Amino acid sequence: MEKTLKMIQSVSSSCTKIDAADVMVSVDKKDLHKVCEALYKDGWDYLINLTAVDNVENIEIVYHISKSSDMEKFMVLKTNTTDVENPIIETVSDIWKSANLYEREAYDFFGVRFLNHPDMRRLFLRPDWVGYPLRKNYDNTPNEGIPSKVHDMDACEDVPSITLDRHGEIVENHTKLFGRNEYVVNFGPQHPSTHGVLHLRVSLEGETIKKIDPNFGYIHRGIEKMMESMTYPQMLFLTERLDYLCGSMNRHALCMCVEKAMGLEIPKRAEYIRTIFDELNRIASHLIGWACMCNDMGSITAFIYGMRDREKIMDIFQETAGGRLMTNYYVIGGVAQDIHPNFVNRVKEFIPYLRKMIKEYHTLFTGNPIARGRMINCGLLKKEDAIALGMSGPNGRASGWHCDVRKIAPYAAYSEVDFKEILHDGGDTIDRYMIRLEEIEESLKIIEQLIDKIPEGDFRAKVPAIVKVPAGEYYQRVENARGDFGVYLKSTGDKSPYRIKFRSPSMVAVSGLDPICRDTKIADLIMIGGSLDYVIPCIDR
Amino acid sequence: MKKYIKDLFSGIYALLQGMYITNLNFWRPKVTEQYPEDRQTARQFERFRGELVFDMNDQNEHKCIACGLCARNCPNQSLEVITKSITTEDGKTKKVLDKFLYDLGSCTFCSVCTQSCAQKAIKWTNNFEHAVFNRSALVKQLNPEGSKAIERKPAVAAPKAAPAAGQNENQQ
Amino acid sequence: MLEVGGILSWIHEALSSSCPEWLTLLIEYVLIGVGFLALYALIALILILLERKVCAYYQCRLGPMRAGFWGLLQPFADMIKILMKEIIPLLKNDKFLFFTALFLVIIGSLCTFGALQFSKDLVGIDFNVGVFYVLAISSLGVLGILLAGWSSNNKYTMIGAMRAGAQLVSYELSSGLSLLTIVILGGTMQLSGLIEAQSETWFLFQTPFTWIAMVIYLIAGHAETNRGPFDLPEAESELTAGYHIEYSGITFGLFYVGEYVNMFTIAGIGTMVFLGGWQPFHINAEWAAGFNGVMDMIPTWLWFFAKAFGLVMLSLWVRWSFPRLRIDQLLHLEWKILMPISLLNMLLMALWVTVLVPLFA
Amino acid sequence: MGSSEIFVVVMITAVVMVLAAIIIGWLLAPKSKNAQKGEPYECGIPTRGTSWLQFRPGYYLFALLFLMFDVETVLLFPWATITKTLGPNGILAILFFLLILVLGLAYAWKKGALEWK
Amino acid sequence: MEVKDIKIKSMKTEDFRDNESLQKYIDELEKGGFGIKVAPLDKVINWGRSYSVWPLTFATSCCGIEFMCVAAARHDFARFGFEVTRNSPRQADVIFVSGTITKKMAPVLRRLYDEMSEPKYVIAVGGCAVSGGPFKSSYHVVDGVDKIIPVDVYVPGCPPRPEAMLYAMMQLQRKIRVESIFKMPKNPENGSVILSKYNSDGTLVTPASETKQIEEGGAE
C-alpha cells in the first residue's frame, strides 16, 4: 500500500493521505485523470463505486477502487471541486468503463458535469426535471406535480457532452443516439421480461440488435435522500426495498456498516443466524433468477417449479421473522427476535428436498437441446470486460473472475465455513446460468455446516437507545445474490447519516447489456437479460 | 454425417427426459393451497405480521399510555396518537389516549413501533384480509370506543426505564 | 344406434317429405352451417378448459376450480367476458386489412376443420384432392396472421408477423411432404379413401416409415399452430403478445379460438391419415376376431375424438415441457433436419410400395 | 350434397361468424373515449416514427426457398397418387426430378442460405 | 340490491371488509338513474366477467414478486380463472398496480390504462400503490395511484401476502357483480355505453378527490 501511495505521489504533487487504516487519498481535480491512469496501469482496474457528496462548500467525488487480481486491496480516492454552482470534473469513464453510469448518476443527483464524458444525459430523472435532488439545498418535500405526458423521447436521444476545445474553453456538443430511419423498438417499462421497469430502446435490423440504450429511473424512489432525514433504525427497512430479492443481505450490509462504525460486538448466535438467513435468501433469489430466466426463454413450467420450491423458503422466513419477502429481521446489533423452535428442523428438511429438485431442473431445462442451443456461445462476456464494467458476482464469476466478497473479505460466519467459490471460465450464457444453480448447492452446503452449530447466547447485542454513528466515512461490502453490494456511509456524528450511497450490482449488469447483446437476436436479448439477473429498483434506488 | 445423426438422437433423448419430468409432476399431488376454501383450517405462522392491534385484556382495557414513541419512531408516519387531557379524581390533569389512528395503507410492517413500545401495548396479528374499496377505510382506530388504559401504579407507569427496547428515543 | 348418420338421414327425409326441394336444400345448408359452428365452438371451449387444466397439472397446480364445479364452466365465463369487451378503434392502423385478417384466419381455420371426418357417416368436405385442399386452405391462416401483424402498425406485431411468415411457410413443407408419404402409401388423395384404406390396419402399423412421417407431421403441425415451443410469432416474453397485440375484445377472442381449433384440426388430420380416423383398432389375425368385434361396438365418432384428443394431449405435453426455440434454431430444425429426413422418408416409402411389397407378395 | 357446396356453406358460415361476433362486440360492449386509446401500444411509450419501414431480407429468403419447394411438392402429388401403379419406373423418373431439387437444397445449405443471419 | 345478495363461493358477506362502501356504490348506481335490478342477462354477463378477469402483467417492484407467487403453484390464481396474464393492455381486464409508481412512471401507467379496453379495473397492491407507502415522503414518488387512475380495490401490505391478493380479487368480483350492462350511462356524443370512470370529454374521474372529502369528513 505504501508503494501505491508513493506511486501516486510521484504522479501528483497534490496528493495527500487522509486516513491511516485504509489508504484514503485526496488529489486535486487537475491531477485526477493522471492519477487514475497511473493507478489503472498499476493494476487497480476495478472501480467499485463512485460517489458524489455535497459538502455545501464543495462537492466531493469519492472513488472506491480495487485490484481484480488481488481483491483484498482496497483504496479510496477523493477529489473535490469548490465551484458549487457549475461543478466540472474530468471523467474517468475512459479508464474504467463502469464509471460511465456512475458519473451520469452524479450528474443527475448533484449536477456535476464530467469533462469528456461521452454521454451527459440525466440517468434517473426525467429530462425536463428541475434541480438536483441530492444537493443539500434541494427542497425534498414531495411536490404535487405529477406529469401527465410521457417524457419527450427525442430529448432522451439527444446526447450532450462537454469537451475542451483547442483554447482550453469548455464547449458543449450534441449528438443523436439513433439515426432517423433506424427501427427503434421500446422494450419496457411495462414488459414481461425486463424484470421490472427497465426501459430499453433497442435499434433493430430485422431480428438483429444493433444498439441498446437502457433508460432508468422509472422506479427511482429517492431512497438515498429519504435516508438522510431518518434515524438509523428507521431506515433499515428501506434497504430491503432496494433489491427485494435479496433484502436480508442488503440489510446486513447497512447493519454491519453501522455496527462497525459504532464498534459494536455482535453475538456469535446472531452472526450464525444472519449467515443462514443470507444463504437462504441467496437460494431464494437464485431460484427466482433461474425461474425467470426459464420464463424468458418460454418455459413457463420451469418458472412455476422454481417459484414452487421458493415458497418453502418463504415459509421458513415467515415462521422466524414474520415476513415473506420483507423479513425485517436484522436490526442493528443482531436480529430482531430469536429463531423459531421449528427453524432448524424446517431448514434440515428443506436441504435434501431442494437437492432433489435441482436434479430435476437439470433434466428438465439444462439438458434440453433447445435451451443448450440457445445458451451456448451466446452473450459472451470476457473476463476483461467483466472487470472493466465492474460486473462482479455470479456474472463475473461466470467469466472466471474471482470476486466473491465472502471469500475476499469474510464477514459474519463465512470465515468459519468451508465452501467453494464457483468459477466458470466461458463467460457465455450457459455459464451464467449454471453458476446460479451451482451456487444454490454451495449455499446448501454452507447452511448444512452451520445449522447444527448455532451457538447459544444472546441474539442481540446491547445497543444504545439512540444510535449515533461517529463522524467519518465507512464502506461495507457484502456479497449479495447479484454481486458486490456496498454501502457508503458518511456521518457527521448525528442520528442520521450525512450521505449514504448503495453500490448496486444490478446497475453494472445492465450497463453490460449493450456490449454483450450487439449483433445477437431479440430472443437472445431477453435471455441474456434473464441470465444477468438484474433487479431494477436496486439500480434506481 | 455421423455427428449429425448422433446429435439428432441425443437431442431426442434429452427432450424425452424433459417430458418425463413434466409427466412426473403431472401425477404428483398438487401443492396448491385453496384459499378461501381452507380459510378456517389453514395454518398461519404465529409471527406473521398482518395487522397492528392493541393488546387488549378481558376488561376492554389496553396498555397504551399515549407517550407517542411509536408514532415518532414510525419511518413513514402511519401512526397518529391523539391525546386529550382529563382531570383525575385527585385533581391532577393527566394526558390520556383519545384516538390511536393506524394507517394500514402506508404501514410498512417494519415493526419499529412494536420494538419501541415500552408498554408492549401494540402487537401484530395474522389477519391479512384487508382489501377495501375505499382508501379511507384503511385508516383504523386501534383503541375501541369505550376502552381505557389499565390503571397502574405510578411507579410502573413512567415510560422512562425501557433500555431493553433499544429503539426508543425517550431521553430527548 | 350410437351413430349420427341415422339422425342425419332422418332429418333429410323429414325435410324433403314436407318441403319443396329448394327449401329443403336451404334448411339443410343452414343446418350444416349451424352444426359446424356449434361443433367448432364446442371444441374450442373444451380445448380451452383442457389446456388450462392440463397445463396446471403439469405445473403442479390445480387450474380453474371456482367457475362451476371443478372449473368446468371456465371457458364459458371467458367467452362471455371476451364477447362483452370493447373493440378499440385504433387510429393509425390499416382498418380494412386489420379486419380482413380476422376473416382469413377464421375461414382458414373453419374450412380446414370442415374437412375432418368425425365418424363413418359424418363427413364434411371430402374432395377427391382432400389432402391437397387441406394444405391449401390452411395456409390462409398464415396470410391472416401476416396481415394482422402488418396492418396493426406496431413494431412488435410487425416482427411477430415476419416471424410467422418465415416459420409457418417453412413448416408447411415438411407437413406437406409427410402427408405426401401417406398419399404414396394410400394411393389416393381423398381423405375418406385414405381412411378406407386403413380399415384392416392403420397406416401407422403398415410400414416403419409411417412412424417417421407421423413424428415429422406432428412437429410441423405443432409449429403451424403457433404453439410453444414454436410460439415465436406470439413470443409472450419477447414481443409481449406478438402479432395480435392490437386486437382487443372479441377480435382477439377469434384469434384465440382459431388457434385452439387449429390445434384440434392438426390432431384430427393426423388421426385420419396415420391412425385410421374413425376406424376402430383391429388386429389383423384370425384369432382376434372377437376382439375386433368388441372394438367395432364402440361408435366410430368416439374413436375419432379419442384419437384426436390423444394427439392433442401429446401436443400439450410438448408445449408445457420445452423452452421456446430461437428463430435460427427453428429454421435449422426445419430446413436441415425435418426437410431432408422427410424427403428421404418419402423416397423410401415409394421404394417400399413399389419394390419391396410386390417382392414379398 | 357435394363437397363443393358444403365448402361454400362452411366458408359463408365462417364469414357470418366473424361478422356476428364483431357486431355483437361492437354493440354491447361498453366504450369510452380518450386521446391515448387508439395509439399503438409499445410498452407504454409512444412509438418512434412509423412501423411500416423496409424490413430485413432474411425473412424473405426463406419465403423464396419455400416457394421453390412448395411447387415441387405440388408437382409430386400427382405422382404420389399413382406410385403403386407406376412401379419402379415411376420412381426412377421422379428420382431425377428430385435429384435436381435436392442438389438445389444442398447448394443452398453449403452457401449458408439456410443459416439465419 | 343489497350487498348480501352478492354471492361468492366459500365466503360469507360478513367475511368481507368494507361492505359499507360497496353498499354506497350500489346506492349511487341506483340513484344515478340506471336501476341496478340485475336482469338475468346481466347476471350471466357479470358472472362471466367476474370469473375471467385477466390481469395485465404490470409490476414495478417488490409487490410484483408476490404477484408472481399468486400466479405460481402454491397460491394459483388460476383457480379463479385469472391466470391468463396478458402483456397487451388491449386484452387485459385489470391492472394490478403492484409496486411504487414514480413520477417518471406515472404517465406511462396512465397511458397503459387509457389503452385498455372497457370494462377495466384497477387494483392498487401494496402500500406504495395505495398511498405512497414507505416512500410517501420522497420527491419522486406518487402518493397513491388513485391520483392518476381510478382504483377499484385497495390492498394494503408491504407487500401483501398472496392470499391477500386473492382476497382483493374476490372483492373485485363482488364489485363486478353489481354492474348492469344495459343501464350504464350513455355517452352523449355517440350514444355508446360508457363506464362511469370517464367523463364525457374523455377526462378521468379519479376517486382521489372523493376520498379526500371522506377523510376530511371523518376527521371531524
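Residue numbering begins at 1 within each chain, and the chains themselves are lettered A, B, C, D and E in the order written.
Keep this in mind: a contact is a pair of C-beta atoms (placed from the backbone, for glycine too) under 8 Å apart; a residue touches a chain by one contact, two chains touch by 3 or more.
What you see is a predicted model; the values in this text were computed from it and never measured.
Chains making contact with subunit A as well as with subunit B: C, E. With chains reduced to the mean position of their C-alpha atoms, the one farthest from subunit C is B. Comparing the chain pairs A-D and B-E, the larger number of C-beta pairs in contact belongs to B-E.
If each chain is reduced to the centroid of its CA atoms, subunit B and subunit D end up 58 Å from each other.
With each centre defined as the average position of its C-alpha atoms, the distance from subunit C to subunit E rounds to 39 Å.
Centre-to-centre spacing of subunit C and subunit D amounts to 15 Å, using the average Cα coordinate of each chain. Multi-chain contact residues of subunit C, defined as those touching 2 or more other chains: 58-62, 65, 84-88, 155-156, 162-163, 236, 240, 245-246, 249, 320-322, 327-328. Shared interface positions of subunit E, defined as residues touching 2 or more other chains, are 9, 72-74, 76, 79, 87-88, 90, 108, 110-112, 115, 117-119, 132, 134-137, 158, 161, 181.
Shared interface positions of subunit A, defined as residues touching 2 or more other chains, are 150, 183, 185, 189-192, 206-207, 237-238, 301, 304-305, 308, 311, 326, 364-365, 368, 370.
Taken together, the chains touch in the following pairs: A-B, A-C, A-D, A-E, B-C, B-E, C-D, C-E, D-E. By the touch criterion stated above, subunit C contacts subunit E in their complex at residues 52, 56, 59-67, 71, 73-74, 76-82, 84-88, 236, 240-241, 244-249, 252. Listing the residues of subunit E that touch subunit B in their complex gives 9-11, 15, 17-18, 20-22, 25, 73-76, 79, 123, 127, 130-137, 144, 146, 151-158, 160-161, 163-164, 166-168, 170-171, 175, 207, 211, 214-215, 218. Across the complex, subunit C meets subunit B through its residues 57-62, 65, 317-318, 320-322, 337. The touching residues of subunit B, when paired with subunit A in their complex, are 10-11, 14-15, 17-18, 20-22, 24-25, 31, 45, 47-49, 73, 75, 108-112, 115, 124, 163, 166-172. For subunit C in complex with subunit A, the touching residues are 58-61, 155-156, 159, 162-163, 228-229, 231, 235-240, 320-329.
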